[in-house]
């Protein structure tokens, strides 16, 4: 029977197969028919509404992206994709790069280094790629970084936080730039963690702190740097625990730290875990604030259980005070994207704009050639501008010089900046 | 008998009367010959069920013993105890005076091979490969030589292939060497299983219902095959329901009833024993029942 | 500290009873068609999302706010969605493979698992990240003071354990006593013989999938309600735990699945508390215990010893 | 399953088939009509509109779908298939029906892929029918042509593929084989590069690729039916060593074809890693029949061992050893872990073992994520693993030999081809040895295997050990090629992918794992435009493949007999009752 599928198909099951085929066809027809029987083909979203008015006679240049577009981390990846797409559309509408039309090409990496490597090679072997935004994960960047560097393609990550990507194997004692073409607009753990510790220990006066992280490079790094600084400031780190990045039940960890009587919890990770964690802490008799990094500054933190009094650090001065940030949020809404811009939307938007502007600067009125890429890298290095996430400039390692951070606190149902906390961490 | 069943090694003609006259000679030989397999007081307990109770017997070199008894009498259980598949609850089995190891693989190494009541060939391997697997214990091949395929490897493979060819010819399956075991007709599968067991160079061969499901002609061929095996100097124990088959084949017959050895003796003695007639032969309806049970058992084992 | 120990036991029992509820589905399906149905965890997840969809898009506000209205409705919605998905899965993915090589349905179940997860992720609004689940339970916590501290027990946690045990007991009764239950047991013993006895194995198998899905769907809703947030990975993660629980208890055994589930819940919370490595290694300990148990008792706690047939 | 069900399935192997039988007298006519319709379809316009917008106007236009007489791309494929069908219908050849059926399915595939794509891109059925005064019925006509071809072919009865007994002189056969393998090489390159590299520059690459695949599939089905492929396969069997050498050379020559880009070299290297690992898994699953759900852990162990011995700054060991030595050490360490993981097999059987292996995989990932012993770099992973170097030449660099400039990644590609070849050699040798037979015997019937004197415990552990060694071997390469060893590369999904590669390719076969890994890597890469749906499609693909081809693409010779297609009924002897019973038993194990 196993070896004779065909007999079955044409034999007793024939009518069944046929019926199924018809049903499938009907469903398909229904789906397609929704858009009626015309050729209502609209211009592709990436091609830009105002493109027609610009001179694009010199050709097309591509801005690439490597990010997880499917799988568990796609929420962040898709937000990145949309934000970059928005920036490219706007640049095309504004004719930012004279003579050229820009296109955006996002490649999925599934948060897997190996797939990321393939995606990077694919982009790198396209002569028209002028720069790449991404990746999300530190481990994927480790793979794609050399690939782009070999082709002198500028890479700007809005999300990588592992210090090693810019500062080399020994970031604190012997920082050494890894590749010239890699930049990031995200802040490394080395700054954000200690900044948070300063506030929590010195300003908020918390002395017994439980540190929890999700074991990923962003969270674990942040938590480790926080713990170091907090200990230095005289606070006791009563526990260092880990939760799974996809966990929903934190009762075990909470019970464990409850016995140690902490007066605050520092969480290294993102809001999908931080929100429920905060809520379950309270439910289990630990009504203490949770503090986290920029990964938890999201409206959903509160809807998932974040409570008033919870704290977070975020990069830059408060967004509401930056006109560029509110503009980005408004534009994104107007773009009608299916997914939210998520945690890294603003940075992605900035990173894309940096590449676009650097390209415009490097090209001037000339034409694009292989040599332009190196010029673009130089132009990115020299960037000094204002973005949706704050001022953008890069230091000699490729890290953002925007080391300004602000502490936020949940007031009733959303994060509000805490007055007078905007500042930076100085070694 | 077609040429397909011709066996070069056979010297008997397969005539029933010849066989019966041959028995005393062999039996006499067994009296003087050494005991190769000895079971003493074998008892097997499954939970509350005593499947075997204090069974003792000896098998001499070159002897054919028949094991009969109603279904559920413990015949297969006894085989399993003899081959190390089950560890007897009490009692001992010894081979040439040495205790039998408690591991089927090592039992086979020691020279006891078996077939199964419900055929247990390797269905997706060819007939030849099945027999080659039987050569496993007699082949010298380290994992490294398996990997490198050096000269010694090739020699041992060639030797095994040659033996396989001979064995297939011996049981009359030469033309099916390349056929998948599962595609062989039932009777040929039984014969292939015997060839596979013979490939381990056994001193003792245990056959569990070798003629089950066979027609008269095939049964006869099997009987000739067993004689031929005996003539190779291999002692044989046969479980069979077909008493006529057993009485014309065996030198000695053991009757197992409810886990106990009821009668032991020559076919004639057993045939005439009133206890046997009462317990087993004298109740034809029971035998019919037993056949049904056997069929059901087989169905269950196919799962 | 005693209060910590007791609290961890409470945590473990709550999580464990949920895992046990999922494990029942694994164990029944395995018992009847010897398939590790990896997609069963997704059936659990889909149940939670189904209930959430109904709550969000169908229920009027005044019902949303009354847990005693909302809870039964959500349970029904979760169960219906789960059962529907499971039955469809059986019909279209597994049944055609009834006589295929053994690994084929296993790979299929992995494929179904991935596909279900991705379907929810792609098509359910906001499902790319965790979603808040409504608090549909009796609010409140029962706090017991024990010497050196307190042991908080959520009322909903008690409800959850009770519901899980009652359902498991009911299932056991059904399988032991009812005509259909007998048919299930007969089919699991020997499908061909069962067919000869006038049992339609296809119907029995569908019923098995449906029953397992019913429990998983209810489990999904209870899970969401208790932890008040769900994500698309709860199915796979708890599914692995549940399968482990089923194996630990002796696969095919209803009592074993529940005991296995509770054991896993307890191991997770207690290992996170007391074992070296802490919460970072709590998963590891679950699997270490599993391996150790299987090595010393290959058939699990309650499984029957496999007799060698010859 | 009982014997009762077996009979009808065999009876059905004969041609007459329900309602199609009524069409039997008209088969030739139908085939010719189908062929002509296909040709007409190829020359008709396919889209009612021209889309000249998009980033690359010249590439992003749908012009090639609407151009009336331009015979290129998929339309050329249609013309060829249509002409071939007509020729076959008219010329007296054996197995006509089967050949035409293959061509017909190819035509159907091409029509559906392109038609559907134009429909979706065009925004409705108007795009492939009539709209705005233009008509474009090419897709429909070709589809009808394909269906008529299949119906016409099937109605006449499907004969088994022709068996050619032709034997030629050795030199001639060698030449034929050489040409055949060269064609295979070019075909692989053509499939890889069909539709271009995708992305913004080639927006239709996915559709073009799928269409091409349909055309190639149809052509191959037809050639198979004609007996040509079987003949060549038997010929290559006669000259095994020669074939192996030529195939290896062909694989090494891939960089010289159009697929010799850095991108495809990278993908091919990844395929190689997975293929080598899958072959190791094939020993465990395919030969010994032990299900392993955490196999990627061994790849991970190999990678982390290599990372720690590579002199990478982040490794705590900090020793740098030459790569060949690292390969061996990685294999040995992974093998030791394999033996440990396999040791429960002494007591645990079947699916219980599967869960033990799954548990091991999870333990590995968790431990690696938590940087156990400082050996895995934890969440930061171990980055900046230096590339393999030989004679001062980094393997990640491009190569220039005379006038020939090969892209970077070629050296890695060559290395992985050699590694895969070595691993295949190991697998093939082991399979055809005492050890391999013992594994298969255990897979078939463990109790019977023990009764044959096989000490199943050590032999099963050996399967795990050797399988894990091969994975560790591949892992060392993987770490160097990727430059990073991160726990994120070794999650459960990767184990599933490996298992799927083995089963998709065909359990227990040598080329199977390579083919399976290739398909599972090439398809997602070629279909990158469906990025959001990649995993969804992967899941669905697993379900569909198991539904329609549970025995894999290249079934084991033995299994092929067991899963024989309709006409190749078991040999001459009749299937009596009990034999049917044993067939059932084997199918259930």
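In order of appearance the chains are A, B, C and D, and numbering begins at 1 in each one.
The rule we apply is simple: a residue touches a chain if its C-beta (ideal position, glycine included) is under 8 Å from a C-beta of that chain, and two chains touch if they have at least 3 such contacts.
These numbers were taken from a predicted model, which means no experiment stands behind them.
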{"item": "Chain pair whose interface holds the most contacting C-beta pairs", "value": "A-D"}
{"item": "Remotest chain, chain C as reference, centres from CA atoms", "value": "B"}
{"item": "Gap in Å, rounded to a whole number, between the CA centres of chain C and chain B", "value": "49"}
{"item": "For chain B paired with chain D, centre-to-centre distance based on mean C-alpha positions, whole Å", "value": "46"}
{"item": "Gap in Å, rounded to a whole number, between the CA centres of chain B and chain A", "value": "72"}
{"item": "Chain C-chain D separation of Cα centroids, rounded to whole Å", "value": "35"}
{"item": "Multi-partner residues of chain A (at least 2 other chains)", "value": "1-2, 70-71, 74, 78, 215, 242"}
{"item": "Contacts with two or more other chains, residues of chain B listed in rising order", "value": "85, 116, 120, 299, 301, 303"}
{"item": "Multi-partner residues of chain C (at least 2 other chains)", "value": "99-101, 118, 192, 280, 283, 308-310"}
{"item": "Residue numbers on chain D that touch chain C, as the complex places them", "value": "1-2, 285, 291, 344, 347-349, 351-352, 354-356, 358-360, 362-363, 366-367, 370, 447, 451, 493, 496, 499-500, 503, 507, 532-533, 535-536, 538-543, 545-547, 550-551, 587-589"}
{"item": "Of chain C, residues touching chain D in the complex", "value": "30, 34, 36, 93, 96-97, 99-108, 110-119, 122, 192, 240, 243-244, 247, 251, 277, 280-281, 283-284, 286-288, 290-291, 294-296, 298-300, 306, 308-310"}
{"item": "Complex contact set, residues of chain A against chain C", "value": "1-2, 70-72, 74-75, 78, 215, 239-244, 246-249, 251-253, 255-256, 258-259, 271-273, 275-276, 279-280, 283-285, 300, 303-305, 339, 342"}
{"item": "Chain A-touching residues of chain C, taken from the complex the two chains share", "value": "1, 3-4, 7-8, 11-12, 14-15, 99-101, 118, 121, 128-132, 141, 143, 149-150, 152, 154, 223, 227-234, 237, 268-269, 272-273, 278-280, 282-283"}
{"item": "Interfacial residue positions of chain B with respect to chain D in the complex", "value": "83, 85, 103-106, 108-109, 113-114, 116, 119-126, 129, 132-137, 139, 141, 143, 146-149, 153, 156-157, 160, 179-180, 182-186, 188-189, 196, 200, 213, 298-299, 301-303"}
